[in-house]
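Quick heads-up: structures coming right below.
Paired with subunit B in one complex and with subunit C in the other, subunit A is shared by the two complexes that follow.
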Partner chain A sequence: MFYIHQTSCITAQQSFVEPTLRSITESVENKLYATENNYDSIPPNVLRRLGKAVKMGIATGNEVLAKQEVDGIILGTANGGLEDCIKFLNQIIQYQEGRLTPTNFVQSTTNAIAGQLGIMYKNKGYNITHVHRGLAFENALIDVEMLLSDHPTNTYLVGGVDEISEYNYTIEDLAGSYKKEILSNTELLNSTTDGSIAGEGAAMFVVNTVKSNATAEVKAIKTFVTKKTETLEKELSQFINTALPKGEKVDLIVSGKNGDARLNNYYALVENQLKETPTTYYKHLTGEFPTSSAVALWLASMVLSRTEPLALLKIEVANPIKNILLYNTYKGNQHSFILVSAV
Partner chain B sequence: METAELKHQVKEQIIKFLNLISVTPADIKDDEPLFGEGLGLDSIDSLELIVLMDREYGIKITDPKDGRKVLTDINTMVAYIEQHRTK
Partner chain C sequence: MDRIVVTGIGIISAIGESVESNRLALKNSTTGIGTLELFETNYASTLPFAEIKRTNNSLKQQLNVDALNITRTSLLAQHACNQAILDSNLTKAELESADTALINGTTVGGMCLTDELYQDANRNSTTSPYVESYDLASVAIYLQELYNIQGICNTINTACSSSANAIMYGARLIHQGKAKRVIVGGVDSLAKFTINGFNALHILSSEKCKPFDQNRSGLNLGEAAAFLVLEKESDCKNKKPYAILSGYANANDAYHASALSETGDGPYEAMSTALAVARLNPNDISYINAHGTGTENNDLAESAAMIRLFNNVPPFVSTKSLTGHTLGASAAIEAVFSILALQHQELYPSANSVQPIEGTGLKPLATFQKAPVKHVMSNSFGFAGNCSSLIFSIV
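And now, the complex of A and B:
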């Protein structure tokens, strides 16, 4: 399908600069906040106006766009800069629909990140943001796949970003998305209770159809919506049969298991269906957020391109890894498979 | 309120409204231009300052020509506030 050339990622862990993932940053009151010491590349006059999602998106975007030019920018975010959006809505009430400060409004639209990157790099090409909740990033990848099919000589920036906003945390908490008890992320994967912990982050990729010097290949993507495990089982068989080249196998599963007991049956099904395949997890490092699969793709790309192991992932595979299956479900409703392969 | 005290307050409000990271009231000189050179503010900031004048002092600047004169520097802002404030 297409090849990954540049990657960049901000999470709660050390993933941005020298991403070793050796020591773990712990959650605070069921929230894993992304680190905020990565904004040197953003001019101070721009930085002061940005909310966290936009800052993370631009910082990761800058990291890869400094190395390679692109013909378009395609991002996925479920909520964009929601914190600033709520500030703006509150001001409408507080000041009785009088004069409002424009900054919060300008920077809170979901397309603010892609738009700002377009302005900063004078990129007037395709610029879009997909917002389909837990499949926003996957839909950005599908969009890139279609674009590269039509314009095979082009190069694109594709990525996913979401932030923890106070408003969204409260709504999701009331909806039962997060654990009632305070639980450290180090215990998340062993948890037997409902809910997960909140997370945030951004991951960006420069992709095109050029194989040479690529770090990984995105071979196939499948998204679907279901609550039924039977459908998941059928979709997985179909995906493996059609996406995996003959004679090859999945060497590693990167599972989106998030410690929510209600979703364990989906993740267990995938692991059981590929019994011989080792599995690694990442949501104890990132927390749960709608575009966390962008971080999973970054991790897969790192695993395939690095000689030094990423200690926190605890991957024990005897042979070199060629094919990685990413599986994620958002709330047991939106599901995605992504097959990533070594080049 | 004494003029010097008002100037300090306006500087603090500018820093807060415009989220001027790492700027203190002492860094903003009374006769230094707010836009372009000096503090280096831009057109979005001018809208923020107009909203600041409205919210904090009840002053509505509706004519862009007035805005240009009023928002020249701290001295002009404070002089205008002293003459026209409604709260």
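And now, the complex of A and C:
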């Protein structure tokens, strides 16, 4: 389908981007906040006014756009700058719809990050924000696949970003998305209780149809909704049969397993169906958020481009890795498969 | 390339709850802008709005919805979606097929529940029925479950051009073979969030908006939903399509987070690229459904772009002078209006516009007229520079 050329990523783990570091950043009260030491590319007077989702999106965007120009910007974010959104909402209620300043309002619209990048890079091309909850980033990938099919000589920025805000943590907590007990992220994957821990992050990719010098190829993507494991089983077989070239196998599964006991059956099914394939996990390092599959894609492209896989992922594979399957389910309803391959 | 045709349309806005009633209001220039009767806000007595005069309870009764957590946004979307599906004669099997996609554009989503969201976000309660209802995706996910749609489902937010991009994304899914039929459109309901946001930006008018008038004083917020069913022409030979979706484009103005460049670069890019996709020349366009919000900035930028693109600017209209600015729904309802103009070979007038903007000489159409209509362009421009244009053509 298309090739990844530049990548950038911000999560709670600094060691993702500095592989010599082997330490794990631990969660605080079931939240894994993204590191904030990568904003050098944003002028201080601008930085001050930005919410975290916008900061993460612009910082990761800057990192790749400094290396390669693009013809358009395609982002996925379920909530965008939700912190600003609720700040504005609080003002509405507290000042009883009095005189308000528009800054929080303008920044809180989910399309603000893609728009801001467009303004900063004077990019007048295609610009869009997909916001379909746990499939927002996947729809961004489908979009860019279609764009490159229509415009094979173009290059695009595609990415995903979401933040933990105090407020969405509260709302998700009310919805039962997070664990009732305080748990260290290092224990997350062995947990037997309901809920996960909150995470945030951003990952950006410069993609086009040029094979040479690419880090990885995104070969196929499939999104679907179901609560039934039988449907998941059927979709997985179908995906493997159609997406994987004849005679090849999946060498590694990057699983979105998030320690929520209610979702274990979905993740277990995928592992069981591909029994011979080793599996690696990442949500104990990033926490759960709707566009976490963007980080999974970043990890996959790192694994494929480095001779020594990331130490934190503890990947033990005897042979070189050619094909990586990403599987994620958001709340056991929205599901996605992404097949990423070595170039 | 196979042509993409419109086989079903559905709409609810402040000027009508059906396609027919919307058309009648457009013909007679019957405005939907006026005093709020249902929505509660401090601005009810000072600002006019384009409100749909139906309570949530009455919508729920009509749609057979019991659940507490279905928002007004979802109800309006369901109302319009039901019409479009029925109009296109989609069978249950087609609706539930894996090659049917659903794409929604919205900017407010479930945030119309401003007070409930405030309570929940600030943990003022221990349980809440609404926690899954607030986000933008909640509407499409509700519709997908309601109709048991198995294909690709998506929600797009590009501010006021959201539903133009939903329509475009759906058409591209068909072109790429990722869907056989798509239900595409958009919805927004009145919300304290947008009312206060636009008010803080000082772009809400205290009178009925006057798009493209020298003395325009801002926009009026409205609420609406509209959906279209798009199919490949060769797949629906037994149907009589309304129109062809012949062109579309998305471009960015890359100028300011909440204003367009005076030269209208984004609007110009969107309009000219849509023409290129449709393989049409500017003089092929019979009629333009302009974005025309009635703000100082938009109407000037859009006029500049139209003047730059067209030797003679074709007859144009801002239907927002009747429906108000319905944000994420605006491109979808105006797509329906463009399709009606083609179907009935008629042009709808723009209200409240008296004196052309200085230096442009552009005056929107003031009276209803029958006219040959071949190609209609519909513009939608949003915050963050998100500009889109669609072109609909006669079959």
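Going forward, the second predicted complex is superposed on the first by the 337 of 343 C-alpha atoms of A that agree within 3 Å, B and C clash if a C-alpha of one lies under 4 Å from a C-alpha of the other, contacts with A are read in each partner's own complex, and residues count from 1 in each chain.
Definition applied: a residue touches a chain if its C-beta (ideal position, glycine included) is under 8 Å from a C-beta of that chain, and two chains touch if they have at least 3 such contacts.
As the structure is a computational prediction, the values presented were derived from the model and not from experiment.
A.B. asks: Which partner does A:T101 contact after superposing on A: first (subunit B), second (subunit C), both, neither?
C.D. replies: Both partners.
A.B. asks: Which partner reaches more residues of subunit A, subunit B or subunit C?
C.D. replies: It is C that touches the greater number of subunit A residues.
A.B. asks: Look at A:I171 in the shared chain and tell me whether it touches subunit B only, subunit C only, both, or neither; answer first, second, both or neither.
C.D. replies: second
A.B. asks: Could you look at A:I142 and tell me whether it touches subunit B, subunit C, both or neither (first, second, both, neither)?
C.D. replies: In the superposition, A:I142 touches subunit C alone.
A.B. asks: If you stack the two complexes on chain A, which partner ends up touching A:T20: first (subunit B), second (subunit C), both, or neither?
C.D. replies: Neither partner.
A.B. asks: For A:V225, decide between first (touching subunit B), second (touching subunit C), both and neither.
C.D. replies: So A:V225 only meets subunit C here.
A.B. asks: So, does A:T35 touch the first partner subunit B, the second partner subunit C, both, or neither?
C.D. replies: In the superposition, A:T35 contacts neither subunit B nor subunit C.
A.B. asks: Would you check which partner chain A:I128 touches, where first means subunit B only, second means subunit C only, and both and neither mean what they say?
C.D. replies: After superposition on chain A, A:I128 lies in contact with subunit C alone.
A.B. asks: Once the two structures are superposed, pull the subunit A residues common to the subunit B and subunit C interfaces.
C.D. replies: Comparing the two interfaces on subunit A, one with subunit B and one with subunit C, the shared residues are 98-102, 106.
A.B. asks: Touching residues of subunit B toward subunit A in the complex: what are they?
C.D. replies: 17-22, 40, 42, 44, 47-48, 50-51, 54-55, 60
A.B. asks: Over in the complex, which subunit A residues touch subunit C? Could you list them?
C.D. replies: Subunit A residues touching subunit C: 73, 78-80, 85-86, 88-93, 96-102, 105-107, 109-112, 114-116, 118-119, 121-133, 135-136, 139, 142-143, 145-146, 149-150, 167-168, 170-172, 174-175, 223-225.
A.B. asks: Please output the residues of subunit C touching subunit A within their complex, sorted ascending.
C.D. replies: Where subunit C meets subunit A, its residues are 41-43, 107, 111, 114-115, 117-118, 120-123, 125-128, 131-132, 134-137, 140-141, 144, 150, 152-159, 165, 169, 172-173, 175-176, 178, 192-193, 195-197, 199-201, 250-258, 265-266, 269, 382-386.
A.B. asks: For subunit A, which residues count as touching subunit B in their complex?
C.D. replies: Contacts found on subunit A: 44-45, 47-49, 95, 98-103, 106.
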